[in-house]
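Here it is, the structure in full.
Per-chain residue numbering starts at 1, and chain names A, B, C, D, E and F are given in the order in which the chains are listed.
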Amino acid sequence: MSNTSTVHLRPSGRKLDELRAVNVQRNFTRYAEGSVLFCMGETQVLCTASVLEKVPPFLKGKGQGWVTAEYGMLPRATHTRSDREAAKGKQSGRTQEIQRLIGRSLRAVIDMELLGERTIQVDCDVLQADGGTRCASITGAWIAVADAVEGLLSQGVIAQNPIKDSVAAISVGMVNGHPTLDLDYPEDSGCDADMNVVMTGAGRYVEVQGTAEGHAFDRHELNALLSLAEQGIQSLKEKQKAARQG
Amino acid sequence: MSNTSTVHLRPSGRKLDELRAVNVQRNFTRYAEGSVLFCMGETQVLCTASVLEKVPPFLKGKGQGWVTAEYGMLPRATHTRSDREAAKGKQSGRTQEIQRLIGRSLRAVIDMELLGERTIQVDCDVLQADGGTRCASITGAWIAVADAVEGLLSQGVIAQNPIKDSVAAISVGMVNGHPTLDLDYPEDSGCDADMNVVMTGAGRYVEVQGTAEGHAFDRHELNALLSLAEQGIQSLKEKQKAARQG
Amino acid sequence: MSNTSTVHLRPSGRKLDELRAVNVQRNFTRYAEGSVLFCMGETQVLCTASVLEKVPPFLKGKGQGWVTAEYGMLPRATHTRSDREAAKGKQSGRTQEIQRLIGRSLRAVIDMELLGERTIQVDCDVLQADGGTRCASITGAWIAVADAVEGLLSQGVIAQNPIKDSVAAISVGMVNGHPTLDLDYPEDSGCDADMNVVMTGAGRYVEVQGTAEGHAFDRHELNALLSLAEQGIQSLKEKQKAARQG
Amino acid sequence: MSNTSTVHLRPSGRKLDELRAVNVQRNFTRYAEGSVLFCMGETQVLCTASVLEKVPPFLKGKGQGWVTAEYGMLPRATHTRSDREAAKGKQSGRTQEIQRLIGRSLRAVIDMELLGERTIQVDCDVLQADGGTRCASITGAWIAVADAVEGLLSQGVIAQNPIKDSVAAISVGMVNGHPTLDLDYPEDSGCDADMNVVMTGAGRYVEVQGTAEGHAFDRHELNALLSLAEQGIQSLKEKQKAARQG
Amino acid sequence: MSNTSTVHLRPSGRKLDELRAVNVQRNFTRYAEGSVLFCMGETQVLCTASVLEKVPPFLKGKGQGWVTAEYGMLPRATHTRSDREAAKGKQSGRTQEIQRLIGRSLRAVIDMELLGERTIQVDCDVLQADGGTRCASITGAWIAVADAVEGLLSQGVIAQNPIKDSVAAISVGMVNGHPTLDLDYPEDSGCDADMNVVMTGAGRYVEVQGTAEGHAFDRHELNALLSLAEQGIQSLKEKQKAARQG
Amino acid sequence: MSNTSTVHLRPSGRKLDELRAVNVQRNFTRYAEGSVLFCMGETQVLCTASVLEKVPPFLKGKGQGWVTAEYGMLPRATHTRSDREAAKGKQSGRTQEIQRLIGRSLRAVIDMELLGERTIQVDCDVLQADGGTRCASITGAWIAVADAVEGLLSQGVIAQNPIKDSVAAISVGMVNGHPTLDLDYPEDSGCDADMNVVMTGAGRYVEVQGTAEGHAFDRHELNALLSLAEQGIQSLKEKQKAARQG
């Protein structure tokens, strides 16, 4: 594939298996228990983790916690302004799909009993969007949650770390017939099929969401995309680790 | 796997790779251009396809058509009654996710230019739910759409069949550590990881949606699930074909 | 009037005082405590009765139960598709009017103290509509409620039958100047005045709702319509009885 | 019945067949084309008729007009304050039922072709409620509409009077076993069965809405109620006439 | 200024510093604990004060009360009909702004601890609007609240009067370059800048809301407007006092 | 007052007439025509100006433009998380009040005819809130609008600059009896009375919004607050100018 990637040009000049530059700013805002500005190229997502000393009704008195997420996009995060969801009075299906995905992905690596009867409420707000916002939200949110949990541990609120593993996400897709890593907006809107893959630090799948409106993909292509994603997520895992230590 | 399936008992007594009984009633209601009651075991979905001589605003004047879907569940389709979405005044995130999935799946096998400037509006309403309602919706809806298109062809409204291929969907999951086909409700609610796979008649992937809240799955398990799904979808494709000829 | 009915032709060929064919399928779905598909000609309504072990706030601790109803119509139950109320985010005035009528009609024949502190929640969902859906909903719902109550009695949850009488409903109207029984859609949309009558098995009125947009009716016509309705309801009462014994 | 009415005491001291005092103030507010404060005893409804030079979409270009109504109740019109519907963000089922009834009743006596392509929008807002607000709304609204139409005629906007007849409404009910005219709030909330009757000046029925939650009524009682209502409406018709001439 | 006011003509013929005629009808409706129809010229607002024996959640158990307000305008209070907010399903930003202002203004002169754990819920409903409805609402609402409090005192529900002072409001504005008192609708819609001033009986400011879309005003003009408002409010204070004694 | 300000301590250590540090980052995001991160101390607002080639319906064909604003706060911009307005399905009264204020303030300094038939849509989203967010929104939004207009001029879309003057806003309040400039959150939530003042670069008032729940203020205090605000706004005007040149 490295062969291919030297001849096939991406709009950004990246190689087919090349991630965008990742930039992580922890403590971006000061009030949230975890606050991370996570950037992949021009995509910028502010991920905050808030610790709330309550759980949803269905968990009351069960001795376990909850992790949930909400997602939003500032109206002018995008090339053309989109309507403000608060003004329209409802969240779109896309927004709900994404925030449910973020919540599930984080819950997959957190032990709810060790967390205790409290909620970590994650907010992912896209300040600037250039493709891959749901993946950036997951990868960045994990860092914010880890920061919030570190606070709970250092304050002695909880005794044992409920975070079982890291989790990160990346998009891959068939662009002009080539398996391509980390699609930016021009690639995403023009591709035949794309897939969002969420994996744990241990390399297990939490979510695999492949979709093809234009060109249904075969098993061979699926495998190529899965391999490319795995490689990208290994790299993101290192960057999460580095950011947390930085 | 056939070895395993003889010893591992499912609540329904099915083998691990065994579909539920499929039952298809075409022309179930009389006004819709296509109307199919699609049953997989105790899951019953009424799928109607309505032909509307208009397209959404973003397609006006572009010489192509549209296929879209809505999904609903009758309040007492389930073991315990759930609130009526019309009374609550909003569709849940789950509902929106499912209806978007149905629409994308159908669009993947239909040529929008051959369809012409009209919309096929699909409605999937679950009369009884025992797991797998989104997959049954897709598989049944394809038959309803095919019936509606046949009407357009026989009336001479369109000259050439816009349906490029069939499409069907099935759920698979890791239940008690075993890859299992076509989960019913007890299996679905207790499984570690499950996946909904949508494939064309030609055996290409339209959607792959795997999710693991409890137990992240590895590449080996993913492959086993994909193979099982492929086998199930081949069987569904035969049943679609038989129903259309019946 | 029998004289007239032989010469005046209805679109369906029925006589002026002739009901449509009634068809009742009990246990149509399997989870609800009562589940009836009630058909009058081409009008098909799925009526379920769910037993909920709670009462609305205004009845808490008062030692009595409640019966309430919701009504919906599948988008393509009708000749042309109507918008899904859940997607629009609100129930129409017509829907609310009908579901309030169904609830009041059923409460008129049920002893709330004998029911005890629980709710029977009725859902009437129209699968196919050819006029008279609110009447079919009431007549069918009574059977579903009776089935649900029979379950409560046989399980010993309640000791004494709270159902005091049966209740059924029928539409009548002035069509081309003739009092006509059980209007179907073409008759209903073209008539001068129509009336929905709800009566108990003992022949007493629970609801009388006559309305005339086109042609206000006089006392003589009102009396003819009331007599016709009474006759139709006696017939429906027999069919309810037969279905419950079947 | 006159015999009975002397011995049976109503809370207000009225006889069983006695209307409450009717008071009509035309031109109550100054901007509406018709504006009437209509009072029946302590029930006070402000009825305005606004002439709008447009019709709803389904009537565009058909050469005919429309009459429609909205209904509201000020939060403290009643003994205890009820929530403001604008603040709750939705109109109740009861409100929608009433405003649909008012609109139908008025349309029954107005020739839409003579009205021409314009809408008379009626607003009935209850300033004080002591039972019978929907009937007072209809009776008062007719006067407001007649005033608005008079304006159109005197300005030469329309050439011929589209009002075919007057229309008025009254409630009747079985109170303590006696047919009773024009129920006030204490009677309405405690009665066994009540009926709202809408009639034209010529004595024909536009709407008959009888309902019995507590005590289903027989044909004999129904007839007594209808006769009592007819008598009350004749009296209201005289008061409408007098107010219009006053 | 008296000089100027003789030569500069207002549409109403009033002098620049002249209030409109004030008319106060106490006990306008009979159920509310305080009910005042407050008229300034053609602006008519029905202000009711309801005593509710509960407080909002954030005040529970704190031994203090609350005063809050809602505002509405009947659809045809204005020259052309505006949509009914209950039918639209939301209150406009303007409505919310005004009802928040009324509530704050009243709370500024009431001792919440002396009021005790109860709420005075004010409703200001505009029956007819000719400018200055928010100011008339505040001035009239204070009288209604005072009446309601008098009832609590006379019934012995509270021992000490929680009303510390009166409060009233007036609009002023630059009209054709002249500081002008109590703008009516033609003046309000055509003025360069206007200000609503809310003051206590003791002459202290509770709210000052000046706004200039067309013509930003300087400090000198601001001072002139403030002086004019002060003079108007002194006059309103006298009228409030007289009405309460009348 | 300089005397007082040396002895009275503010939580931040600032003098009574001292602004917080102002920090302006232009081009903070890359897609909007104007994009400014405006910070006053810990308050951070992202202000974007989007140029839309359309106007609201009421301005169509009138040869003039429009400037409008929306305001939002990220859920965890504050010390404790507040609910996401998009998830609640409505904007609060406070939000609507603020966005209307921002729009009016900007329109006061822009010539709508020179702007031409287009809209400048401003979005002010608070990333971090420490008091004074509406004032920071106005001051920052003016810079974003100026940047957007500069783009229109340099591209030749408009020929003449429609911006007539700058506009800025500041809060002042009585804190512990002292007139105090630029309140931060601890001061704002504890103060007796506060005022938001919006002024043009030429020193004229666009908006004056003073409010006192706890302590009504007299004319003398009002004057002191107005003077303090004027001084602060002069300073902000310099910073706007410097940022635009930077």
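Rule of thumb we're sticking to: a contact is a pair of C-beta atoms (placed from the backbone, for glycine too) under 8 Å apart; a residue touches a chain by one contact, two chains touch by 3 or more.
As the structure is a prediction and not an experimental result, all values here were calculated from the model.
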For this session: Tell me, please, which chain's centre (mean of its C-alpha atoms) is farthest from the centre of subunit E?
Result: B
For this session: Please determine the option from D-E, A-F or C-D whose contacts repeat those of A-B, over half of the contact pairs being identical by residue number.
Result: C-D
Exercise. So, what's the distance in Å between the C-alpha centres of subunit E and subunit A?
Worked result: 52
Exercise. Between subunit B and subunit E, what's the gap in Å when you average each chain's C-alpha atoms?
Worked result: 60
Exercise. Which residues belonging to subunit C are in contact with no fewer than two other chains?
Worked result: 89-90
For this session: Work through the pairs of chains, note which ones touch, and then classify the graph as line, ring, star, complete or other.
Result: ring
Exercise. List the ring in order: which chains come, beginning at subunit E and going next to subunit F?
Worked result: E, F, A, B, C, D
For this session: Please name which positions on subunit B make contact with subunit A in the complex.
Result: 90, 93-94, 96-97, 99-100, 104, 107-108, 195, 199-200, 202-213, 216-219, 222, 226, 230
For this session: Mind listing the subunit E positions that touch subunit D in their complex?
Result: 29-32, 35, 42, 44, 46, 48, 50, 52, 70, 72, 74-79, 81, 84-87, 89-91, 95, 121, 123, 125, 127-128
